[in-house]
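The same subunit A turns up in both complexes below, where it pairs with subunit B and then with subunit C.
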Partner chain A sequence: MTPDVFLFWFLALLIVGSGLAVLLFTNPVYSALSLAMTMVGVAAIFITLNAYFIAGVQLIVYAGAVMVLFVMVIMLFDIKSEVQAFTSGKISGAMKLIAVGLLSGLIVGGIIMGQKSFVGELSKDAAAQVAEANSAKMKRAAGADAATKELGVALFTKHIFGFEALGVLLTAIAVGTVALARSRGGTHAK
Partner chain B sequence: MGHDSFEITINCIKLVLIFLMMVQAVPILVWVERRGSAFIQNRFGPNRVGPLGLLQLLADAVKFLTKEDFAPDRAIRPLFYAAPVFALIPATLAFAAIPMSVPLEIGEYVFKIQGYDMNVGIVFILGVSSLAAYTILMAGWGSASKFSLLGALRASAQVISYELALGLSIVGVILLFGTFNLTEMVIAQQGPLTFRAFGHTISSQFLPNWGIFYQPLAAVIFFAATFAESNRLPFDLAEGEAEIVAGFHTEYGGFKMLMFFIGEYGHMMLGSALMIIFFFGGYGIPGVTVADVRQWAAGITDSATQISVITTLVHFLSFMLKFVLFLWIFIWVRWTLPRFRYDQLMDLGWKTMLPWALGNTILTALVIYLIS
Partner chain C sequence: MPSSSFLTDISLNHYLILSSVLFVIGMAGVLLRRNVIVILMSLELMLNAVNISFIAFSKFTQNVDGQIMVFFVMTIAAAEAAVGLALAVAIFKRFKEVNIKFFEHLRG
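Moving on to the complex of A and B:
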């Protein structure tokens, strides 16, 4: 087992574990904290793939900003009724079971399909593969700045429409949220 | 990590050393802070234990270690105990990416005086240090106390708000140097102030080529935002003794409290180090380049290893001098300025610093586009 493989399995287990925790915790605060842990794990996976810029952005945007807001807002609310709603009831229990089943099905399927191509070839000629991958890694690490530039150029030229459309969508969501919240009397609702 | 066991061992030791350096600097900083605050406020400060009160640190350490391990009755134990441990992680991880001197060359080995060198050092540091908000939230929620929760919510709102201004103020610097790599930034700031505009090269005799001369506004915004990020006065709304006892660490005592303290000082050190690297030439010495220092060292000894050691040490000293100066400014400001009101804090973050940082980014981009 090379360090890379060990790291991958460790991080994968961490991500899947904390992802499961998001579903299985009854307290929304714990769920949100577990989701943050998942985000950090995904960022770490990006680092092992030498995508440092994406990893950093993942940390800043998702783990550092979005999830902190989630956790903060949940802490501001009185969540007793939510905790109760999630702990009792056959429907929510069944939903959880279905979600866990679907997720584990995905994982098992992924592993089975992965073994045919990726792991199979790795075990065939592992040493040569690893050496090749390492040299490719070195090359990519040297060109990390260039990769960031490439990413920016692609984002602002080739995918400019998608980028702007997402921006419009997010603005629409923000406006819609405010409108929905105000229509019921906002924070002063009885 | 390295190619053979010697290099790997040294690199591992280096990581531990940087962590220990950071943690060991905290008691000294606490002493400086207490003596300095006493000096500013016309008091004596700790002066009974040992010469100049220096042994007060040891007495404090013993006190912290022997205090009763206490948790509130209704506290959520896992979060309550995890929070102080997590408080150490963001600052430590980020500080390991700071280049502190020129690489040390021993024979064929090259050791960087930095935990690890990353091509996107800035993005990494911002990403890791943005995780600090969780510690505060975990401590506030886990303590099951009103004061803690109020303090935690205040603190995290503040940290998130000022992170925006902090990140945007750095964009100008990144545009200027054209790199995310901290070492390359330091190298770009060596020598006298020189820049090319409209085909002419403008050069100055006495000013060093430091970032602050190109980005003065960014420097001011960045420095103010680091105060907010490390939750220190004038931005210590998170604590606000007169209003909410001690904020998110109201319920913490003994060593757990000390760990929050180390985290705060870690953020202070990180802020100072980044300030030096972005705007004050990193480990560079004004008026002297690395090559000059190496030549001077070559006049003293013949051995290549010794020359390298001397060069590294001289630049490390230069870095430390600037570092200590900025840490002192942190302490100085804390004991000079009063605390903001909460609405003033939010106004300053969202309505003043954010627009100015945005404007600075756009202006920098325009100027760079026009003159090149």
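Moving on to the complex of A and C:
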């Protein structure tokens, strides 16, 4: 067992375990801490996939900013643990669990069985073809610095419209969030 | 019983299975939990699961476009968390409660 393989299985267990902990803890503070652990695990998975810049952004944006937001709101609410954390009703709860199980079975089964389908071909033949087509581009982009440079060039040339649209969206979100936080009850105003 | 090559050869399928398992955990959280904040956390889990599959496809096809899509998804996720938590704070100020059972009618 090589270090790469061990790292993948370790991170996969960490991510799935702490992801389950998010929904099994009834104390929201523990849920938030488990979510932070999941985010760090996902960032490590990104590093094993050679996406160094995205891993850094994941750590800063999710494990930093978004988690601070969650923890601040939880402390603002001052809730220790909930009275009725999970959905009530045996039948509806069982139906939801069955739906979740069916979806997971379908997805995992589809991925494993689909060796001749899109996924299977992509992971073998098409992946080799596409990789060959892109190999000249990626040969220039060997190493972490060059890969990040490649990412920046693609972001600011090919995807510049999406980048600018995100700027507009973030401005709208910032203004909307402040307006929402300052509203005096909205439709429930007395 | 998985064969030994399943355990020792990490392929695209492994990352896709990890991604789908994490997505399903997030979906179970959204369906089963009743705390607004935990529901928002589960949404973040689902978005992260999608990010894993984007990065895995990006690596195994040697195409950088997947990483740019992840960049966009992260921005949208942060914005969504900000708006969702602002709504949760507004709801908590009005109802003094975070359990969705108590404000499912969305009226005063």
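Definition applied: the second predicted complex is superposed on the first by the 122 of 190 C-alpha atoms of A that agree within 3 Å, B and C clash if a C-alpha of one lies under 4 Å from a C-alpha of the other, contacts with A are read in each partner's own complex, and residues count from 1 in each chain.
Please note the rule applied: contacts are C-beta pairs under 8 Å (C-beta built on N, C-alpha and C of every residue); 3 or more make two chains touch, one makes a residue touch a chain.
Source: prediction; values computed, not measured.
In the superposition on chain A, A:L76 contacts both subunit B and subunit C.
Once the two complexes are overlaid on the shared chain, A:L155 sits against subunit C while remaining clear of subunit B. More residues of subunit A lie in contact with C than with the other chain of the pair subunit B and subunit C.
Of the two partner chains placed by superposition, only subunit B is touched by A:V29; subunit C is not.
Using the contact criterion defined above for the overlaid structures, shared-chain residue A:G64 touches subunit B, although it does not reach subunit C. In the superposed pair of complexes, A:A44 makes contact with neither subunit B nor subunit C.
When the two structures are aligned on the shared chain, A:G56 is found in touch with subunit B, with no touch to subunit C.
Applying the stated touch rule to the two superposed structures, the overlap between the subunit B and subunit C interfaces on subunit A comprises residues 53, 57-58, 65, 69, 76, 141. Residues 29, 33, 36, 40, 43, 52-53, 55-60, 63-65, 68-69, 71-72, 75-76, 141, 144-145, 148 of subunit A are the ones that touch subunit B when the two sit in their complex. If you check the complex, the residues on subunit B that touch subunit A are 118-120, 123-124, 126-128, 130-131, 133-134, 137-138, 140-141, 149, 152-153, 156-157, 159-160, 163, 167, 179-181. Listed in rising order, the residues of subunit A touching subunit C in the complex are 1-2, 4-5, 8-9, 12, 15-16, 19-20, 22-23, 28, 31-32, 35, 38-39, 42, 45-46, 49-51, 53-54, 57-58, 61-62, 65-66, 69-70, 73-74, 76-77, 79, 82-88, 93, 96-97, 99-100, 103-104, 107-108, 111-112, 119, 122-123, 126-127, 130-131, 134-135, 137-138, 141, 147, 150-151, 154-155, 158-159, 162, 166, 169-170, 173-174, 176-177, 180-181, 183, 185-188. Subunit C makes touch with subunit A in their complex at residues 7-18, 20-29, 31-35, 37-38, 40-42, 44-45, 48, 51-52, 55-65, 67-68, 70-72, 74-79, 81-83, 85-90, 92-94, 98-99, 101, 107-108.
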